[in-house]
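Presented sequentially are two complexes of chain A, the first with chain B as partner and the second with chain C.
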Partner chain A sequence: MFSRTYRAVVTVPPLLWVTVFLLVPYLLMFCYSFWSVSTSQNVVHSWTLSNYRQLVGVHVYGQTLLRSMWIAARVMLFSLLLGYPLAYFLSFYAGRRKDLFYQLVIIPLWVSYLVRAYAWKTILGSDGVLNTLLQYVHLTKHPLEFLLYSPFAVVLTLTHIYTPFAFLPIYASLEHIPRPLIEASQDLGASAAQTFWRVVFPLSIPGVLAGATFAFVLSLGDFLAPLLLGGPSGIMISNIVVSLFGAAYNWPLGAAISLGMLVLVVSLLFVSEGLEKKWRFS
Partner chain B sequence: MSGANVANRRSPWLLMHALAVFAFLYLPIAILIIYSFNGAGVGGFPPRDLTLDWYRRLFADSAIWESVGNSLMVAGCAVAIALGLGIPAALALDRAQFPGKALFRRVVLLPLILPGIITGLSLLMLFNESRIKLSLLTIILGHGTALISVATTEVFAGLQKLERAQEEASLDLGANYWQTFLRITLPNLKLSIIGAALLIFTLSMDEIAVSFFLIGRNNTLPLEIWGRLRRGITPEINAISTIIFVFSLAAIVLWYRLRRSAEGPPEIAAELIETVVQGD
Partner chain C sequence: MATLQHSGSGIAASAAATLLDMRQIAKSFGKNRVLRDISLQVAEGEFLTILGESGSGKTTLLRIIAGFETANSGELWMSGERLDRLPPYKRRVNTVFQHYALFPHLTVEENVAYGLRVSRQVETTISSQVEQALARVKMTAYAKAKPSKISGGQQQRVALARALVKRPQLLLLDEPLSALDANLRRQMQVELKSLQREVGISFVFVTHDQEEAMVMSDRIALLRMGELEQVATPREIYRHPATAYTAQFIGHTNLLRVQVSNRIVRCNSLSWTGDLPDGPALLSLRPENIRVASSPGPPALNRVRFRGRLRHQAFQGATELLQIECSDGLIFFVRTSARADWQGELEFEFDPGDGLPVRESAERT
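Let's look at the complex of A and B:
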């Protein structure tokens, strides 16, 4: 029913735009990672593997990547531990207040990421809210220094930020579970725990995978929370990239690291998508 | 949706866990707001010397308001770009077959799933290679592009619910495609489009990872705040954040009113989440 012209008019502009402003830039990043910088700090457009050699040869890159993955893994774990029971509660126990609770999870997402990270900084600092509170009630005499400028602060803040992201797909998957399945399980004599582990949990696995992927991937690439709250021991891989694109001025090396991150992230997305398909009911 | 014996269950443990998570989610926001009225500055327990000084100082701070103006402008243009391309893209996905359709769906979603730094840097390289100076325009292009997917998914979901017979009738009765689009398609998609616009606007107002690399001489609000945070913390930041929070709440309430009068339970970004989660 739609003419050729109609289809061309709606297809061509978005396709062109996305090609120019998304596809080409991602490809350009790929090219950059094989270029180099001259001693006068100009980008040289000739192909070399030297960036990748550095990536493998210089240990600090690998170590920082591992540390970032370890931070991201903890954020993922804590977001799931906070998000799953919350989603389960909302979906099965909240009754009429379900909608209200759902909105309450969403609202913090409307508060700027930066502002929430900053709020944690004012809480965790050595004369921040938490330390002065502890001293006020005489639990401690001196400020606890490990609270701020540590991986702990980064993990705490990122968990705060990504818990709603982990919650949302889990909640969606729980909401999609046909309720008669649960009634059937109960009618057939399964206990609450058996119903949960044999019926509810397996059906929610796609949501868990999606939530885990969100939390891991988004925190893996974060560079603002580490800059603001991480201190020297909380540096993550993106911070190195930022410095290579700034003061250290080696865009090709920065592009190589970013590309490594991109490949890691995209393969994680594929794995998680494959697993989701496998576990999807229906 | 739920049987009676499923809906009325109680679990004190789960309830306590839920309350604890809510406390964790809202604690920083509460502290932020409380200390925006604290005369003794950020931190320090208990809060003392209730004051409006930080708000007074904020209102006299021209750099902040300039950045707010920039952010509003960027967000407005990002909405225009994302809708201007996202609506046709949704129509294309719904009604046309073209080579690379599957790839297109995936690539459009990438900026939402990838860490912002990757999208920001790749655009920076594009602008650098094509000798385009960084400015608010480059940020607008970045935000508009990154958020096309929001418009596409929301509008696509709206199209799925649309009765195509209405459009067919309009065409049969002699209206051309453009008239049909304006009089039938667009009005039916009104809610999806408003929802997408609200979401894009908010996401753009708050965006920092992409803007961080595309910034020229003029700051957006998040970058202005970022610059100040690096120099030290001041309750003025609490004050501006509190104001933005109040505006965001107002936007959410407005959206619910709008949505509730039209259809069932409101879920912001539900379609978007579904699409991102399912990957196709």
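Let's look at the complex of A and C:
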């Protein structure tokens, strides 16, 4: 069909890319996670399970991981609560303005993540837009401190950033629902609410699952939002990994935590894909 | 008014009470006038087919009855009640959709039960009704299957059961057989017709297939570019087409443009005597009313004879459709029993009484 050279030209670069930038680093990380660091901060190349023992034994890691999951879960929930009605409105009621609204949802994705995170810093800070406004209208006397440098700020920012990611698969799944099904439901005597809960929602579940997975997984691994807006109480697991690879210079432990997260995320992806398959009909 | 063709129903369309009354229905989409001034009645227990080409407005009319579209003007009455002011879910009308529109996430059984569940009926009565409905369409064995696992014809049956279990006063069917292959389609036509007789519900059936319309209907309403061209029983519409369009759309015909003066009818080089008013006229002469002349020589009494060359011969099983060109350029379609290899110049004859005057169909844009 295609010549050998053509196939080589097409397949070799991506394979090389995957090998050099994905497989080799993963393999290195895997090895590191079984090594250790000496007191003089040299990596000791002898196999040990001590990193994994620390990961399970040291309280702060488990706690931070749980907190990260709790933040990610809230981001997921709020993204779905915002993304679903938006997608529903666009798919069923936007009419000719559908494309315009769709673009409006997409446009924020063109703006750098960093800019959006900083924007929230400006809004939520003690001299920020929100506090100034609240004091100006005399709702508060002093700046509200919990707004910035808190899990609240992290959840808010991540929700803002990942809502489009939850929106897109939901929108796609709603667009896929054949419209005669809606009419058939009405024809059989169902009210609008019944049609939604008995037909539209069940058929959009694959999109909801995909959107939820995006929002959860992406927030779970986030480290910039907690770094910029989280403060001490808003630290997430990725911040620990970053500091272990950086300041603490403990690559083996960092690698062990990273691998732990990788396993967690990959299993989540499997579960969500299995559920999605179960809810996909056609 | 002729009585119905299907012996089982045994009622005359004119005798039964009117169930649905459409009064001067009109509908436009933007500048596109899809329906204009449709007035049509459906009798209790009647099988009425709305027949038309694509773009004739037949599906729009059906959607107006179902409540998915709103007419710009006109009224719909059903059993003495204004129907067009009710939302779809309050109308005692159910629809079988073109591609069935079965809910893919529900089993066959759940699909049929859907309309009963949303109206909050008791679960025990639901299951017995669903069972009955599935038995009626012979789908009991597939009760637990998902729609994607059954064939098109089976999906068709489930869609029917789902609509009928609601006990509607009127069932609307939007080209429900168009997705089936020819054999299954003929089988379903018969099944659908006998089912309709059994349940005694009025059916409004939409199709573009004139043969299907002829086979199934008590009456046919022929729709052309948003207006009713003719409404009559299949026999009536075939034997006495009112317009040239009807004559051509329902079956095959020869349209003869003739000139009449003093009871002499002239068509190119042919002429005969006929009881028609003076002036130009249009006659519809069915191909089966033209015969190959048995012996050469002078024609039998009151027969018109012509010679022509065979241009094309279409074998259709029991019959053949011949295309004949006369020396004066006139083209005739002739239906004969399929038996011989016709060749060359042939002689034909017809009874001028079979040439029915039809109205020229109005130009519409």
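Methods note: the second predicted complex is superposed on the first by the 275 of 282 C-alpha atoms of A that agree within 3 Å, B and C clash if a C-alpha of one lies under 4 Å from a C-alpha of the other, contacts with A are read in each partner's own complex, and residues count from 1 in each chain.
Everything that follows uses one rule, which is that a residue touches a chain if its C-beta (ideal position, glycine included) is under 8 Å from a C-beta of that chain, and two chains touch if they have at least 3 such contacts.
These figures come from a predicted structure and were not determined experimentally.
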item	value
Fit or clash between chain C and chain B when superposed on chain A	fit
Once both complexes are placed on the shared chain, angle at chain A toward chain B and chain C, C-alpha, multiple of 10 degrees	80
Partner chain(s) touched by A:189 [first = chain B, second = chain C, both, neither]	second
Which of chain B and chain C A:264 touches, first, second, both or neither	neither
Which of chain B and chain C A:77 touches, first, second, both or neither	neither
Chain B versus chain C as contact partner of A:144, first or second or both or neither	neither
Contact breadth on chain A, by residue count: chain C or chain B	B
Chain B versus chain C as contact partner of A:275, first or second or both or neither	neither
Which superposed partner A:180 touches (first chain B, second chain C, both, neither)	both
Which of chain B and chain C A:203 touches, first, second, both or neither	second
Lowest C-alpha to C-alpha distance for chain C against chain B (Å)	5
Set intersection of chain A contacts, chain C complex versus chain B complex	180, 183, 186
Chain C residues within the chain A interface of the complex	66-68, 87-90, 93-95, 97-99, 101-105, 114-115, 117-119, 146, 148, 162-163, 166
Contacting residues of chain A [partner chain C, same complex]	178, 180-181, 183-191, 194, 198-199, 202-203, 279, 281-282
Residue ranges of chain A in contact with chain B within the complex	1-3, 5-7, 9-11, 13-15, 17-18, 21-26, 28-29, 32, 82-83, 85-86, 88-90, 92-93, 95, 99, 101-108, 110-116, 118-123, 125, 127-129, 132-133, 136, 160, 163-164, 168-169, 172, 179-180, 182-183, 186, 206-207, 210, 214, 217-218, 220-224, 228, 238, 241-242, 245, 251, 254-255, 258, 261-262, 265, 269, 273, 276
Contact set on chain B toward chain A in their complex	1-3, 5-11, 14-15, 17-18, 21-22, 24-29, 31-32, 35, 42-46, 85-86, 88-89, 91-92, 95-96, 98, 100, 104, 107-108, 110-111, 113-119, 121-126, 129, 141, 145, 148, 152, 164, 167-168, 171, 177, 202, 205-206, 208-209, 212-213, 222, 225-226, 229, 233, 237-238, 241, 244-245, 248-249, 251-252, 256, 265-268, 270, 273-274, 276-279
